[in-house]
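These are the structures in question, set out in turn.
Each of the next two complexes has chain A plus one more chain, namely chain B in the first and chain C in the second.
Moving on to the complex of A and B:
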């Protein structure tokens, strides 16, 4: 006999389940969407993942999520200036899509609430695995966001910036983006706000054949916010995707990156920096599937840890049996600046093909004393010299992005963080 | 300008004593050459002057303009006018050379109570200095010393020296790794900086450099002590007869 005993629910689990009951009548969606929501809340009812769930081993969500704020319909958020001047900006203001939408040739913006009501988004609401707690939480509660469609062959000169701005309470949003065949664009996903919020945000990108996308996730939540985010993408034939993320805030952050190469010649680059300070917990978990032959990927993650911050990077690369000639390289380097900070790295390569090149490496270092001496010997005081070296450590990853306006914009975000935490 | 009195110093890590009772005086405006065989403590002396923490002074003192510098950190020494041109300049990935030059120049100006340089003035000074050393500005857009050849690194050191306008310049084996043309360019760069209010400590293994940078005094360092001092003819003597004779005399 197999007895399944339900452990006692945590206050956070109870709050989420109760909130679902309260919110149900307000949540948009046709029958298909509502069925997905029901399935999703069932997943939550089974309990939030603990460290015994392998993919959540370093981020015991059940233990770490110790409070869930109520929804706060009165909280107001305002659109902010984009990181790159002249970007087309669409904003989600505390969970609701803004009425103002830019007019851009070859690009359509649709509120996600409409796609929920007509049910066309329903297939995208399925979780990607049994441990997909963020997907489940989002599917249960998602009320709005945007669907962005970039037509075939459209090459955007300026970035599209998608802002998710929270002002407190709970927000659950979704960004669905389709980039047509041969189209080129830079998309900025901006995650920030000023409340003690709980937010889930799921981004779903589909790239057509030969499309080229640089997707920048700039996360600067306040040190009171819980931010549970997921980025999912399928990379089609000869398409190129570069994802750059910068985590520079949040109390409890999990950023999942779930990518699959689905067409030969697909190329994926992941570049990211975690700037971790205070008493915070930040987890970046990547799952990359090389599902077809002749696809390539590289991942470079740089972390700076100060204070009592804890960081996690899990990088899992699955090379499927038929995915011959895969070339995948992953590196995770951490600069540990305090005795109380910590960073856990777990690279995982699961390779079923026999003709592949795959590798990974991880380092944890302190500031190089020779470098520090050299800078000081030129008159730079110790604090500034350390600042220069720490910034250099992460700026190297940013500079790889090539596009000068983007590099400058990201370095400005970096400077902001160093001003606040240097 | 510089007075080193009975200096004893050791490596912090393993306690090995490298400098063993060194005495040396360098006057303002003087170019002093320090010569000596490998392992005599030449580079160690340069690091100790710059304030590297790997060495510990156990006895004696270093006076710069009459003040002890032993309690000063490397940045304080640099802003007070001491400059070390490294034998092996470090490659620092991620730090853009231009950005570094600007920070270093302005930090030194700040320490002297001067306003930061305006960008056009900064660029003008860098361009002039680079041109005088036959350096390509494109090189300065790269991260500091990264991918520079040995000669380029040495030129970059002299470029920094020019821009920072120090009062006491310590050149640690600046000639090593330079071909004849580069040696000429670097030496001309140094000679152009010779001034009545500036002193040089030129550390070298060979007389070759001293043909280009003619010293006022020459000091032979052996086993952490100055065992003989003289004028530039001492360098020629060493070149002709090697160190053995001088070492034998001192023993």
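Moving on to the complex of A and C:
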């Protein structure tokens, strides 16, 4: 219904606005950055998005965000072992970057607080749209993070792991990465911690011509944390970007993936799994713009829903008018394993060019009874048979990643989740 | 100015302003003053000799409407509608209460003649006079053979004639205008009106509840298979009028009815508003098949004029094993905002939605369906084919949801879009919501243009390009056309051809 309403500020909205007032003097940034912060808090003053905002239709942030913890300067977090041995690790410990950074040829690490103070990061702080609540929240409060620059032509043997570890309170961090022309790398974005935190994390990746990047987002927040994350990328000419995400935790999680192809021959792959349990809410929202001709993309999302978990996948592919010869395919498959769980999908196609091949498919179902019978007929008991089938359903997506060490590392994370959630 | 010349050439090529049904009929009209107020609603209600409960119902809806905002979520753009600049009531001045076609204004009959849609076929219309018993029997024998159709014609706001009434009455079927039903079957109307689309459902449905002027009423009693196709023909004629019709179809236990509506409107510069509400109720084992061929005036080649079509259609599978099937062929209207839906309340009930939406010129279509699974073992099927050409925007927007208790809900959705030309847009926005682990939902969608290979294959057999495209498009929409009653399938195929004329090259 479209009744006239006079929205009243929720306690969470009030807490955020008050916190901004309190923190303002502590937030780093030059004049330009501070102006952006002011704009951002104005957006929040207009209210957090409700289900009436189309991109937040299934995640009514205004209703769901009912507690905002205070900043907790005393909370401590410790760096953890990387998922792939030998990775170059940089950590953000409860919102603060570590001054100690690895030395890696062709790669420079800079603390984001420095980029905020000198204002060089300011242009990247603009939200991408009027409904970009995560962008606004992050811009208002971001205090630290890293800027990573991988020089042209550098091919990294081992992954770079960027850890964002929270220990409670509020953390707002940003990871800005530039990958130079022809460079190749694997970047792991690790989102985890231990506490009832409210965190926002924005990653911003720019790929140069012909660069190849595999970006893995491994989110394992505790079931008490609110995690609002955004991954933004521009894919240049002939560059290839593969994004893999795994959501295996968090109380209220929203992972946005906002990608634009800006050069001909750009290729984007998205592979993701959502492992949902408990009384949690997880939303993955992707907006993909095919803005130039001759670009390709494929997306495969697999979801497992147990307990009282609610899952959401929204995927919108925009094909601009001049983006002829676009080839885009998206699939979202869900296994709904409990009667109290729910999953909503909204795969959208917005197409303004005619010479394109675009498609999407979405399914929601339970475990195939024939498959179950097949295994049980071979003497596997029902519980193990179900476990095998569910694991195979999501592992399929991981195995597409080619690189054996990464596949093994991710499957180990997968095993951890299955151990914990039976 | 080369740019202007280019535009002129383009327009000539597009040809959309040669709207086949764009003629006006000069008939004396009886109009209420422009604008909307409680007085206008009282006027409409008085004009219709309505009982006081109906007036109250309307006023309540009107008061509710005043508190609502116009919805803006659909992908359609148009200047704000000034509801005070519309005639909410316009009735052709014809002899009061026509009982046979001979009483009807001959001008009106000419309209039907010009349209040449099967509904108006002369022998069908002649059938209205066959009233004595022996002839009736003969007629009923021939019903299936001759494919006769009973017609209710709604002209601007008023139902002018309903054919085959007596014959239908013999089978126990009530088929009349809704105003007549309010007067003569108030108990049925009271029981079912607003039970599927409540007065406060949405902005346009609420407006319709306040000001609806006519529409059709069908009641098929227990165990009766309606002996012929029923049909309503809507036409808007008067300038600046809004047409607000209300259709209510009830199929009692085990009943079956197939119903078709067709719409056209004359060519005008201004936009005309059409906001209809259709409610279907299917009780245990009943089946309702509802087909629409919508061909309102789409506006001229520059996007001027045309009908704003804001329609709320919903079917309620209230009984177990009931079935409701929507089939629509949408080729007209400047703006279409229409989501025929099924509420699958009864166990084992079925909902179907077959749609072809063709847009050309500057048309904007935002259409789709909702399948709400509430009962156990319910199933639904959605086949949607969108074809966008010219500068048009064609959106499919659909929702499939399974309630917690809807065990074994099953849905299959297929929505394909075809793009002709690089200035148009095709969009797909499906919503899938599963709250039950036994639900099984499948959705697939594709968007592409007609492949060069297909076109080459057809053309190298000597078929000109335009015909080749029409042939391929007809193949593309075949799944839906098959669902239409046979006579209308032929009509619909022709209509698609006409709508796409000039979109090639």
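The criterion applied here is as follows: the second predicted complex is superposed on the first by the 416 of 422 C-alpha atoms of A that agree within 3 Å, B and C clash if a C-alpha of one lies under 4 Å from a C-alpha of the other, contacts with A are read in each partner's own complex, and residues count from 1 in each chain.
In this section, a contact is a pair of C-beta atoms (placed from the backbone, for glycine too) under 8 Å apart; a residue touches a chain by one contact, two chains touch by 3 or more.
Values in this document were obtained by computation on a predicted structure and should not be read as measured data.
> In the superposed model built on chain A, check whether chain B and chain C fit or clash.
Chain B and chain C fit side by side in the superposed model.
> Between the C-alpha centres of chain B and chain C, what angle is found at the C-alpha centre of chain A, to the nearest 10 degrees?
Superposed on A, the angle at chain A reads 80 degrees.
> What's your read, chain B or chain C touching more residues of chain A?
It is C that touches the greater number of chain A residues.
> Give one of first, second, both or neither to describe whether A:196 is in contact with chain B, with chain C, with both, or with none.
The answer is neither, since A:196 touches no partner chain.
> Between chain B (first) and chain C (second), which does A:391 come into contact with in this model arrangement: first, second, both, or neither?
After superposing on A, A:391 lies in contact with chain B but is clear of chain C.
> Does chain B (first) or chain C (second) touch A:345, or do both, or does neither?
In the superposed model, A:345 contacts chain C only, not chain B.
> Determine, under the contact definition given at the top, whether A:24 touches first (chain B), second (chain C), both, or neither.
neither
> What is the minimum C-alpha distance, in Å, between chain B and chain C after the two complexes are superposed on chain A?
Result, nearest C-alpha distance in the overlay: 14 Å.
> Overlap of the chain B and chain C footprints on chain A, residue-wise?
After superposing on chain A, no chain A residue contacts both chain B and chain C.
> Help me check something: in the complex, which residues belonging to chain A touch chain C?
Those residues of chain A that touch chain C are 1-4, 54, 57, 321, 324, 334, 336-339, 341-366.
> For chain A, which residues are in contact with chain B within the complex?
369-371, 373-382, 384-385, 388-389, 391-396, 399
> If we count contacts the way the header does, which residues on chain C are in touch with chain A in the complex?
So the residues of chain C touching chain A come out as 67-71, 73, 200, 202-203, 404, 417, 419-449.
> For the complex, give me every residue of chain B touching chain A.
Residue list for chain B touching chain A: 50-53, 73-75, 77-79, 83-84, 86, 89-90, 92-95, 100, 103-104, 107-108, 111, 143, 160, 164.
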